[in-house]
Each structure stands twice: as C-alpha cells, then as structure tokens.
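In this document, chain identifiers A, B, C, D, E and F correspond to the written order of the chains, with residue numbering beginning at 1 in each.
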C-alpha cells in the first residue's frame, strides 16, 4: 500500500514541477512585469509544495523547515518587486 | 521511499489528497498560463496556495501522525504564514497592475493627441 | 605568560579581530581610544610575529621540532580540523606584515584616519586576513582569509570615494570576485579528488592518485594557480593594480605593498607542497616564469610611463611581482633564499616609498582630491548613531614641521629609488645580485630563461632610475616645489624606520641570509611539513 | 523625529509564542520552558514598538464558525475556478471585473481578516480599500451578478468579522 | 684594517660634514681637507709594502655563498690611483674653500665630495669585482648630486640626470658583465680572475662578457658613443669638474680596463673594441674641443679626447702601451685638474666662462695666466712638460702596434691628427682668455684671485714641470710600481726620458705642434667665431637626450594604455582566457572525463527543474541589459532552482541558507535598481554595430567554453567514488565529540569553526564598508527625483501624505502593514528557533540571523523608513561588533580550560544544554542581523535624499496632535 | 543524474561568464550572482550526489558514514554562499557609487566613445 502512496506523492511532485514550468513560461512570456512577478510568486509556492513533497517522501523534518521559510518569506521578494513596480522604490522614506 | 510501512487509513486519504493537490496546483499553473489578462491570471495560482497547499499539509499531517516521529506544528505554521502573507502579495501586485495599466492607457492617449 | 606562548600562533589572527570588533562598538568621537587600541594591537602583532620567528629559528631551544609549529584550532586533530602552521617562511611573512602595518598605522594617525571612515577597523580586519593567509594550513581556510583581506582591502581602496577611486575600486573588486570563483572551483576539485583540504594531507595523498584522477586534480591546481596569479598581480591579470595602488591613500598603499606578496606566498606554499611531480613542476615553472617575465617587462614599461610618483611606485610593485614570479618559475631551489631576501626588501621599500609619496607630493597636491559628495540626510545619522561627516580628506597642515624637511624627504626618496632600482649599497642591490648571481652560477645558466631574466631585471632597474630621476627632480627640484611641506614626526618616523630596517637587513645580510637558507630548506622539505602537521595521523 | 514607542507585554502574545516555541522544539524540559517564556516575552516586548496597534478579539467563539464557512467556500471556489481555467464553463462567456463593496467594518485587524479570506478564496482578489474605509474594491473572476457578490461578502464574512473585532 | 680605514674615513667624514652648519665654509673645508690629507697619509705609508709587486690585503668574509666578501686590496696600481684620488681631493677641497660662495650651503657640498672620495677609493681598492661595481655605482650617484649641486639651475638638473642615466646604465651593463665573468671563473675575486686569463679568453661567453664590461667602462670614461654626458656635467661647480670629471671619476673606466687588462686583453676583439672606441673618441673629442665657446666645454671635450687616447693605448694589446696609458692617466690628471681650477678662477673673477667675451686677462691676472699657460702647454704636449712624455710614448706605441696591415698607417695618423687638434684647442684656450687686448665689458672687473685659490693649481703645474723635466726622479718609481703590479713578470723594459734622440714620435710631436698652431691661427684669422663645431653642431646631446626621454615616457604611456588598460572587460576577459588555458593545458592529457562510478538514474523531475533553471539563467543573461527587472526575477528563479537542488540531494542547511539569502538578495538588487539609469534597447546606438556583434560572438564562445569546462569537470568528479576521510571523521564524531546531530552545523561551528569565524568577519567588514560608502554616496542628479511612477500614481489620487506618528499607514499599505506586523514576533520566534536548534537540525546562526533581518526589512517596506526609525533605534554596526566579540569570546573561553582557540566548552542547566558553540552561533546570528540590516537600510536611506512633498514634522505635530507622544530629546 | 547536474552547473557558469564580460555594471552584478550559483553547485557536487540521506544523525552512536551525504562540501558551500552574498552586496553599492559619481552605469565609468 505504501507503494500507492509513493506513486501519489510522485504524481503530486510531477504536477508541482509542471506548474513550476508553467510559471516559468509565464516569466518568459510576460508580457508585463507584473505578470512575471506573479509567476515568480507562483513559482515559489510550487517550490514550497515540492519541498513538502520531498519531506513527505524522505520522511525528514528538514524539508518542512525550508517550506516554513518559503511560507514566511516567499512573499518578501514578490512584494519587493511589486513595490518597485508600483512606487519605483522598495523602501520608501 | 518512506521509512516505515504506512497504515491504510493514511495511504488512501493521503494518496487522494496528494493527487488532488497535484491537480489543483497544475490547474492553477495552467490557468496562469492560459487566462487572457493579468487580473484574471491573478486567480488560478491561489488554488495552489490555498486548497492545494492545504491538501498537501493535511496529507503530511496524516503521515507524521502515522509515523509519530515529527510534530505537526510545521504544517500549522506553514498554513498560517501562507494565509497571512498571500493577501499582501496580491494587494500590491494587483495595485501595481492597475496602476501600470492606467499609466499605459494615459500615455497612449497622450500619444494619440499629439502624434 | 605560558598561556600566551602556547596560543601564540593564533594571536596574529585573534588580536586584530577582537580589536577591530571592539572598534565597531566605539562611537566616532572616541578617536583616541581607537588609535590606542590599534597601536596596541599592532605592537602585540609585531611582538607575536617576532617571537614566532624566534621559535622557528630555534633560538628558543626545544620550542618546536624542525622549526615548524602547529596549532590545532578547536583542538581537532589534523587533517580534520583547521591547523595553523608556523614555519620560517610564514613567520617571516608575519613579521614583514606586522612591521609594515605598524609603520603605516603610525603614519596614518598623523593625517589619514578620518573619523568618518572605518579606517582602523578595516586595517585590523586586513591584518586578520593577511596573517590568517600566512598561517593557515588548510586550502579552504586560505580562501576564507583571502576573502577577509580582500574585503578589507576593498574598503581601504574605496576610502574617500572620489570617482577615480570608485572606478578603480570597481575594477579591483570585479577582478577579485572573478578570481575568487576560480579559487573556489580549484579548491572544490582538489577536495573532490583527494577528499581532504589540509595542505599537508593533500601532499601526502598525491602520490597515490590514479593518473586520470591526477589530471583532474591538476586542473584544480591550475585554476587555483590562476587565482593566485591574480592576487599576486601577475600580468596580464593585473591591469587593475597600478591604478588601484596609486589611487589609494598612502598608508593604505603602504600596507598593500604586502598584498601581492600574499599571492606569491600562496604560490610558494601550495606550489612546493603540490609540485613534487616533475611534469607538473615543469608546467608550473614555465607558466610562472613567462608570466613573471611579462609582468617584469610590463611593469618596467609602466614605470617609464609614470607621470607621478605614486603611480611609479605602484608599477614598481608590478616589477617586483614579476621578478619574484619569474625567479620562482626557474624552479631552482638555490634561488629560494635570495628570492625571499628580495621579497622582504621589496615589501619594506615599497611601503616606505608609498608613505614618502604621500608626504612628498603634499606640497604639490598631486594626489587625487576627493570630490564633493552630498552629505547624507539627517535621519541617516540618527539611525546609525553617527556624526555628520566633516569635510573629508583635506590635508590640513597641522603639527610642527620637522627641521630639514626637504633634506629628509630627498634622502629617503633617494634611498627608496636605490632600493627599488636595486642599486648599491642598499639591500635592493644585494637582493637582485643574489638572485642573478645564484642563477648564473647554476647549471641553468646556459639556458635562455636565466639570461632573459637577468637582462630583464637589469633593464627594469635602469628603467626605474630613468623614470624616478625624472619624477624626483620634478618633485624636489622644480620651481613649483618651493613650498616646503610640513611634516609631523609621526609621519616621518615610520618611513625612516622602514628604511632603517632595510639598512639593517643589509648590515646583517649574512644572518638574514642564513635564516632564509633555513626557510628555503624547510620549504623544500615537504616531508618535514607533512610530518609536523599530521604527525602519526592516519 | 523620535517617538517614544510604547513598549508593552501582551500576555496573549507571550503565551502564544511560548506555546509555539515549546511545540517547535518538542520539549517540556524545565530549562526549555524558562527559555520559552524568556524568548516569548522579549519578542513581545521588542516587537511591540513596531506594533503600536494591538489586536483585540471580543468574540473568539465566532472564529470557529467563520473558519468553517471559509473552508467550504475555498473548496467550492477552487472547483469553480478550476472549471473556468479548464474551459469547462460552456454556454456563457466568463466575464471578470472590478467590484466596489460598501463596508461597515472598520477595525484594521478585521479588515485584515477579510483580506485574508478574500485572497484565500480563488476567484476573488482584494484590490483596494478606500481611504476612508467606506468601501473595498475586489477583482472577481466570474462577475456574473454584482449584487450576489456584495451580499455574499457582507453576509458571510463581514458580519462575523464585525462580531469578532468590534 | 688600514685599508678599510682609508675607505671608511671619507664616508664617516661625509656624514659628519653633513651635520655641520649649512654655511660653515671654513670649518667644513678644513674638515674635509683634513680627511683627504689623512687618507693621503694613510695611503702613502703603505708604499713600502706595495713596491716590487707587493699587495696589501684586507679580507672579511661576508656572504661567502654568494661570493660576496669585503675584500680590499692595494697593489702598486691601486696605490698610485689612491694617491691621485686623495691628493687631488685635498687640493680640490682647498680650492673649493675659495671657490664656493659664502651663500652656498657648503656643508652638503663637502659631504658629497667626501662621499665621492670614499666611493672612488672603494673602486680603486676593491679586490672583489662586485664590490667594485658597488662603489662604481656610488660614484655615479655622488657625481649626480654634485653636478646638480646648484639644482635651481635648469642645466644643472638636466645635465645631472643625463650623466646619471648614462653612468648608471653603464653600471648595470658592467654588473651584467661582471656577473658573467664571475660565473665563468667561479669567483668575483680579482686575483682569481686575473689568474684565469686563458680560461676566460677561451670561454664561450668571452665575447658577450667583454662587450658588456667594455661598454660599462666606456660609459664611465665618457668614450664614444657614450661621451655626450660629460660636457653637460660641466654645469657642476668647477671643483667638481676638476675632481670628478677630469682627474678621477672619469678615470674609473680606464682604471677598470687597465685593472682587468691581463685577463681580458690580448684578443682581436679587445683591440677592435677598445682601440676603436678610443681612437674615435680621441679624434672626435679633440675636434669638438676646438670649437667650444665655454671654457669648461673646451676642457670637457679635451678630457674626452685624452681619455680616448688612454683607451687607445689600453686597446693596443701592448705592455708598453699599458705603461704609457698609466703614465698618461697621471699626467692628464695633473694638468687637467690644474686647468679646470684656472678656468674656475677665471669664471670666479670675471663672472663668465664665455671664450668670445674673455680676452687679455694676462694683464689683470698675470699669475693665473702663467699657471694656465703652462698647464695648457702640458696638455698640448710641449716638451719639458709631463704631457709631452706620455704623448711621445703614445706616438711610439701607435707606430709599433699592428703588423703590416692598413693599421700600420692609420693609427699614427689618427694619433697625429688628434694631437693637432689638441694643440689647437690648447692654444685657443690660452690665447683667447689671456692674450690680446683687454676687453672692457665683463660682469666683474678681473683681478688676481686670493693666493689660496691659485695655490692648488700652481702646485699641480709645478708637478707638471717637475715631471716633465725629471720624469724618472718624480713619477718614475711610482709608475714602475704600478705597471709591475699589473704586468708582473712580463714587465717590459722602458726608459722615461725627455730626450730619446730624433725619432719618428718626436717628428710627430713637431708636426702636431706646428699643425695645431697653424690650424688655430688660420681659423682665428678667418674670423670664425669658433663657437660651435662644424658638421656636428646639430648633434646637441642634451636636446637629443631630452627629446628621447620625453619620447620614451610618452611611448611607454601609449603602451601602458594597452598593457594596463583601465577598461574592465579586457581584464575579466584575460582572467577567463587564462583560466580556460590553464584548464586546457592540464586536461589535454585526456582519459579523465568518466570515472568508474555507475551513473544514478535520471529523475525526470530533476531534469525538468533544471530545464526551468537553465532557461531562467539564459533568460537572465539575455535580459540583464534592457529588462533588469525581468532579469532579477529570473535570477530569483534560478536561485530557487539551486535551493531545490540542494534540498533534492540531501542538503537541507544549504537549501535553507540559499533560500533566505535569495530573498535578501532580491530586495538588495531592487534597492539598487532605483539608482540606475533607465536604459532602453532602442536608445542604444552601439548595439547593432559589427564590432558589438563580433564582441558578443567572442564572449559567447568563451562563455560556452567555460560552461563546457565546468560541466566536464563536475562530471568527472561526480563519476568518481568519494573518498573523504575528512567527512568520515566528521560523521563519526559529530555527535560523540561535537555534541550535535546536524553534522554540517557541527562542522561550521566546531570542526571548522574557524572558517565561519572568517566568514562573519567578511560579512561584518562588507557591511561597514557599505555603510561608510553610503554615508558619502551621491546619487546621479536624474536619480534624485522621485521615481516617475510615484509621481504618476500620486497625481492620479490625492497627494498621499503619511504621518509617521500614525499607527498605520493611511494609504494602500494599511492592511499589508497590519498583516506584516502580525508576522514580526512569529518571524522572530522562527529565527531564534533556527538559531537554538541549529546544532541538531537544519538551521543555525546564519539562517536565523537572515530570517530576523528579513522580518525587520519587511517592516521597513510596509512602514517606511521614517516610521520604523522613529520607533526603534537599531544601531546595526554595534551589533556587528558585538557579534564578532561574542564569537571571539566563545573561542577564547577555551583558553581558560587550557585548550586551543575555539575548542568547545559545555555546561548543562536543567535540560538546557549550553555550550560555547551556541555562543559562537549566537555571535554569527547577531553579526548577520546587524550586517544585513545595516546594508539594506543604509541603501534605503538614500531615498531620503529625494525632495519630497512632506509636511515638516514640527508643523504637523502642531496641527495634528492626536496622541500624547512626547518627543524624546536627542 | 550526474549528466543533468553537470549540465546545470555548466549552463549557470556559461551565463555567469557571459554576463561577467558585459559592459553594464548591473549585468556584471548578475553575472557574479550566476557564477556564484555555479560555483556553489559545483562545490556541492564534489560531495557526490546523495538522495534522502541528509547529514543529520538519527539514532545514537556509533554512526556509519555511509548512511549520510558528505557533509564537508555542504559546509564549504554554506561559507561560500555567505561570502558571495556579502561581496555582491558590496559590488552593488560600489556600482551605485560609480553611477552616482560618473553618471553612467558602464563598468568603466564612462560611455564607450567618450
């Protein structure tokens, strides 16, 4: 039965990587900068999920720490980019 | 791959959850790619961030509960952090998108007025 | 006391680090405390270095077997932990650096340590890097110390902004970052093949490598070599050097006099430990020789082109690098001692010369003036708890003029030129003579490289005289130079001291040479090094 | 330009942080408990300068009900958006657009909660809050019926949030 | 020992003289004179020991391995020269006392003069060739400072530099020759060298060595083609010219040739080189001397010519000629020094040295005229004077040399012709200065000098006469001693006498005398000014030298633009190329690419991940110029791919670190982007040029090559079995000895904690540099304005004015601020969690510090700089210092337990495991927080420079006082 | 897997080198970033590729090294990451200063042709 679970996990990982590829394509296509930032954000979320999958598959807490960091700070680069786009500077006076 | 043998009450829902998560995230990715304009594209990735992530986290909790080797606190915190942070991202992004669209159109109209 | 003696090898690293860190906690207005700390640190470093040197010479009986001291950081046995290794060569380099650093520090206190700049702490961190690079017996740790010294040097180069300094600073940083990447790749390959990072351990592992593995290892060593050549300032990897050194303020440039020698040291250290293989030694030698020769020639042309003194001195650094590399490239063991003698005189001389430049050119105000920079807004100072910067870099002529200023400057200038050009009777001559005479006395004398080197060395000496006579006359004898700069004793003393040290080197040349012979013998006996570091370790 | 920031210790926050700390470290050793409270208290104390506005929850019991509502809505909207993305919505054109919704909720933490809910639900994005707080602009992927959306937000989310925070 | 005293005494005197008061003319002169005389006495008393081929030696081994020993050696020849140097030195000092003005800083002058004397004595007495070269260069240097004694005069400076360059250059050449000679013989000892004459002449290096040594000698003795510096050296004070540039220093070259004569001479090459150079110099010098306008110019060229004569003699490969050469060295020294002194008197008393202005001084200065006339006669070779004797010998040798070749005729012809000119310029000198009608307008009214000034010159003239009449009773024995010391057993028989009967040499002398007189008066009558030599006048050496000097400098400058280009790209290109070359040369052996390990199966997910990562990398490379934001996004994606790779291959610590660093890096880049110029593809005219395309193609090729190289090396390593006993040790001991389960962390804080120590030093250093730079940062003017987007956005709405006293931002950041501030304590908790448990699980001080720093930075992003900083004061630079000290303290604590630096010490407190390792990691944490916050915030602060529509805080407080928040003082 | 890994390293290195040779400071900055990724992955690869065996000890002593990924390169990469971050921050600030002082973002502080 564990094999079934492993296959499911592998399938999920595949989906996440494919989603990352979609995001990547959006990064390349654009057309606007905000599209790219959105795509990077989604890239980060997919990456976080991939890490979680690695954690489940390898039975190691280590990956959850990474996922935790992405959850906590994945948004920082996104809002920095968005703020740069919106206001021209990341930290305003 | 996993260290120990998993009981059925974990395998079945866990597998289903993972498959669901995978599909949700993938559909979200496709949506990001397919939808016609920026504001519409804002929506699908949320599928991954909300329910997709939730499914994975629940599956993860199930596994850890079964193996009793790992606290579930990570999953809780991850959920919390994702929920707290995504609105910030979305607000700034959509605002940036709106602003850029407005600036673009005003520039275009200015160009039309003075060719 | 015995506690300190046990931990002596680590002092040259820990003392400046603690000093530098403490300085960061001081407010800007505590200049006196900063200076006191810096001086104390420099004196302790010099003391430690000299004591270590005494240990390696066996003057202190029974201190270290074979004159090699090993300090195991963290108490972990080699090759697993990081070890500091003091052998005659590293002790010599430590003493050289400590001397130059102390001199530069005293000199800087007179004029150059503007409170708005982290000059003193950077100098301390530079000392951490340089001393660490001389002491460490671990290739990756060497990388770390290289990075420390480079980072501190970036800050010192950029001291005072000004578009010219920033331009050269950017060049300098970019080049060094590129070479650091090479360094890392080289270290990685060495680890990947030998599975160790300890230099002695690598040496021990080498003979057992399969030929194919050895090839990959050599590639790593070659990348490492290129990185070292960049640090050593070998042409064509040193385009940044003349502008960077001459653009830096004099005390900084004086300390930099030893920076290229760190690269040379690395070549020597790693080269002798790794290059026992004949073929590899031949390739290494060839590369070193020809790049060295090119460096020597390019540097000589540079000296001829120099339009002001600091630039001339900077090119003389290039020349000295060229001479060192080319001589080492000949691969003759007999040459090591003379080459080290040359290295020592060259470091001391260039340091003195750079400091002299600062004093001599003050009358002409030829060193680049800082450009006006917009002061930072007030919140900045509040946030970081610093004072608003006072107008920077103006050389206010304060202090009592020492009598006979021009005579002093002129005399020191002549000494420096003689040292740089290798003219008698100063040790510059002894050094060059020793190198050339030894080279011509060996069997290699019938081959072209020795002749090329000999001719290049003499021509470069001639170029030095040709150019420096022009510059010196313009500086000291031109009508414009009538204005006699006012010097402080604090500035003049270290310069005079450095020159006197070179005199002492000449006066005690036999003793110095004897020590250098011992250093050379130790250097060319990797087995002793390996034995000392690893002992009976697996 | 220095403001004496009012530093304070919020007991709730301290407890929550200490709890999290022990949970994260998987321990109840006495030393760790002391450490947990030291860490929690100092974090609360230090961060309070940057969090001048404390959150005050009046009706905690409503939170559970709200969470349940939101969970159901999230699942539903996930399906809905998935259908749109995959082109399974036949027979009508999916029209998206901005929508202004009048608000009575004023508490910043309540508004933040609303933002989290709206964002977590696919198909709606928080765009902007009017300066005076009187209305919020949302972007809605499937904007068939504006009144339906206004009603949905106000009834399902705003009301419970006002009960929690105001 | 006495020999050492002879050499050291002048040097010691030099130092003392320098310390005398600046203008103490009498004291300084008396002192210098005493030193010179003392030396002379010391030399003189050695005479008994050097007669009959005796040698006095003083030997002190110094660097025997290098063949460098202090070796002084006095034989007859050296004795003779030493006497010459010291006696003439004493006379010159005496003369200079009167010559130098009261205003001149004479202490320096006498100091230099004594130094020169010491150096010259050093050359003469050296028994070691290297030592000789040392003193040789010293004479060049002292000569330089003496020529430039009046350095305010342009011609003195220029002449001095030319002399320096030529003589020092010659010295270098000589050094090379001597080095070769030493290598050939195996010793620098002169006696060894002289004893190995045959070996030297048969050695394959003989020819190059000979050329080098001869060139060295010729430069010093101002021989063609290196003669040009001497006339320019006449800018020196006349005592210097008399001493250095006629009597002694210029003799050093011929001294050396004579010294090495037994070892080097006797070959065709020697003859052609030495005799050739000598004869050309003899002729050219004499010819030029005839046409000088300056008295000292005449004397300078005459010196050149006479030195040519000596060189010729040395080149003839004849023993008798050598004797003649030595004899002429002495004679020339006496009469030329005397003439220079006379010339100096003339200049001193009349204020000019211009021959065309001087005339008829015989009436005003009869004594001077007499002395000068006799000396000039000696120079011309008039019988009964010493010049005649040696010239006679020269003629005889010129005839005797050579077999029945063309030389048979040419050498005597050259000798005679040279003498004709020699007579001509001697006559001209005397006639134009002292004879004829007295002329009216001179700078000073001429009169006889003080007796003391004339005395040295008169003494020398007396010597000329005595030697001329009684040669064998005066110079005779000394000459014999000197010649014997060189020639030893092969000493030829000769007779010094005024009258040898009517011989061909006598006839030649007669021809020369009459020819010279006729030539001079023919020229004089023809009314020529005789101010510049016909044909050769354009060859003005100083001008040519100066032009050449400037050309060299400029040419070097142009070369340097290529050799040391200031452009960055070529430099980086060089590094890349050299790295590629280094790799290529070591790897070309082949057979290394594939190791023996079986490959692990490819995971398609990983491959896909890197399809994405690679695409992003390439995208970033392409977009980095015109679409910076896109490039930053792509680099961010690459960073994430890298992070996932670390995670994939079981490196959670790395992944964590990479992730946190990535976030901070993106923020950092964006903070920087604000200050960069907008750059559009279509604005760039250079983009489409052929050159630009070619450059891009070249770089692309290099980049691909580098990529292939890195790939290949990575592959080679990856396919080899891992054999690290280091790692085995770490794994086995991490828990048992290091007390941690996270092996990587144990390595970082314990096994290799020293690396980490260094690493935080780097981080801290960078931060303080960044901080220092940004304090003085000056943005470009066009970047100073607020970003355009802000203006547009604010214009679209009502102007946004945030009040930093508000609890929440009023605008669009209100809700984000609530959320982000909610995160702050939890982020802090997470950061401490990573710090505390890093020893047993992924994390550690670095990751923890970055998390904390990021949490703070986000507060800045939503709250704004002023808002945040009005509430907390971070003082990040203090954090860096404190962190470094904490790390150092954790290392130093080990000393208390008598263990090495950084050895970990532990203590357990109620389940709380405390270790110095934790203190160390805490140090890392604090440094990282401080450094990252410092750098990012310092950058953010730059925006405060922009002018801003912001109501002044004071006004606002008055109008909008809402909360009773008193302002903190200070 | 080794092939993919090696290629990834190579692509990053190539892009880094390409950008390093570009004329704009920001390009060079990104080049240095990419190059440091390449270097880090390269160093990491020297520990060989290991799946699912992070060097975090489970269970007690004694410990079998074969059961864990090589920790040494990981430690080295950590140090390298930190140093690369610090130096690129410095480079960024220097390039900003250059831009501020010279008005251009060309690496030589002047536009080509000036």
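Before moving on, here are some points about what is shown:
Everything below uses one rule, namely that contacts are C-beta pairs under 8 Å (C-beta built on N, C-alpha and C of every residue); 3 or more make two chains touch, one makes a residue touch a chain.
Predicted model only: the values in this text are computed from it and were never measured.
Each step here moves to a touching chain, and the least such steps from chain A to chain F number 1. When every chain is reduced to the mean of its CA atoms, the largest separation from chain E belongs to D. Chain B and chain E have CA centres that are 67 Å apart.
Taking the mean of the C-alpha atoms as each chain's centre, chain D and chain E sit 72 Å apart. Inter-chain spacing, taken between the CA centroids of chain A and chain C, is 47 Å.
Our note on geometry: chain B versus chain C, Cα centroid distance of 55 Å, whole angstroms. Contact with two or more other chains is made by residues 20, 25, 28, 38, 42, 45-46, 51-52, 54, 56, 72, 76, 79, 83, 86-88, 90, 94-95, 97, 101, 107-108 of chain F. In chain D, 1-2, 20, 24, 112, 115-116, 126, 128 are the positions where the chain touches two or more neighbouring chains simultaneously. Taken residue by residue, chain B touches two or more other chains at 1, 28, 30, 42, 49, 77, 81, 84-88, 91-92, 95, 99, whereas all remaining positions touch fewer. Chain B meets chain E in the complex at residues 77, 80-81, 84-85, 87-88, 91-92, 95, 99, 102-103.
For chain B in complex with chain A, the touching residues are 1-6, 8, 10-11, 14-16, 18-19, 21-23, 25-26, 28-30, 32-33, 38, 41-42, 45, 48-49, 52-53, 56-57, 59-60, 63, 67, 69-70, 74-75, 77-79, 81-82, 85-86, 88-89, 92-93, 95-97, 99-100.
Across the complex, chain F meets chain A through its residues 51-52, 54, 56.
Taken together, the chain F residues at the contact with chain C in this complex read 16, 20, 25, 28, 32, 35-36, 38-39, 42-43, 45-46, 72-73, 76, 79-80, 83, 86-88, 90-91, 94-95, 97-98, 101-102, 107-109. Here chain A touches chain F in the complex through residues 57-58, 60, 62, going by the rule given at the top.
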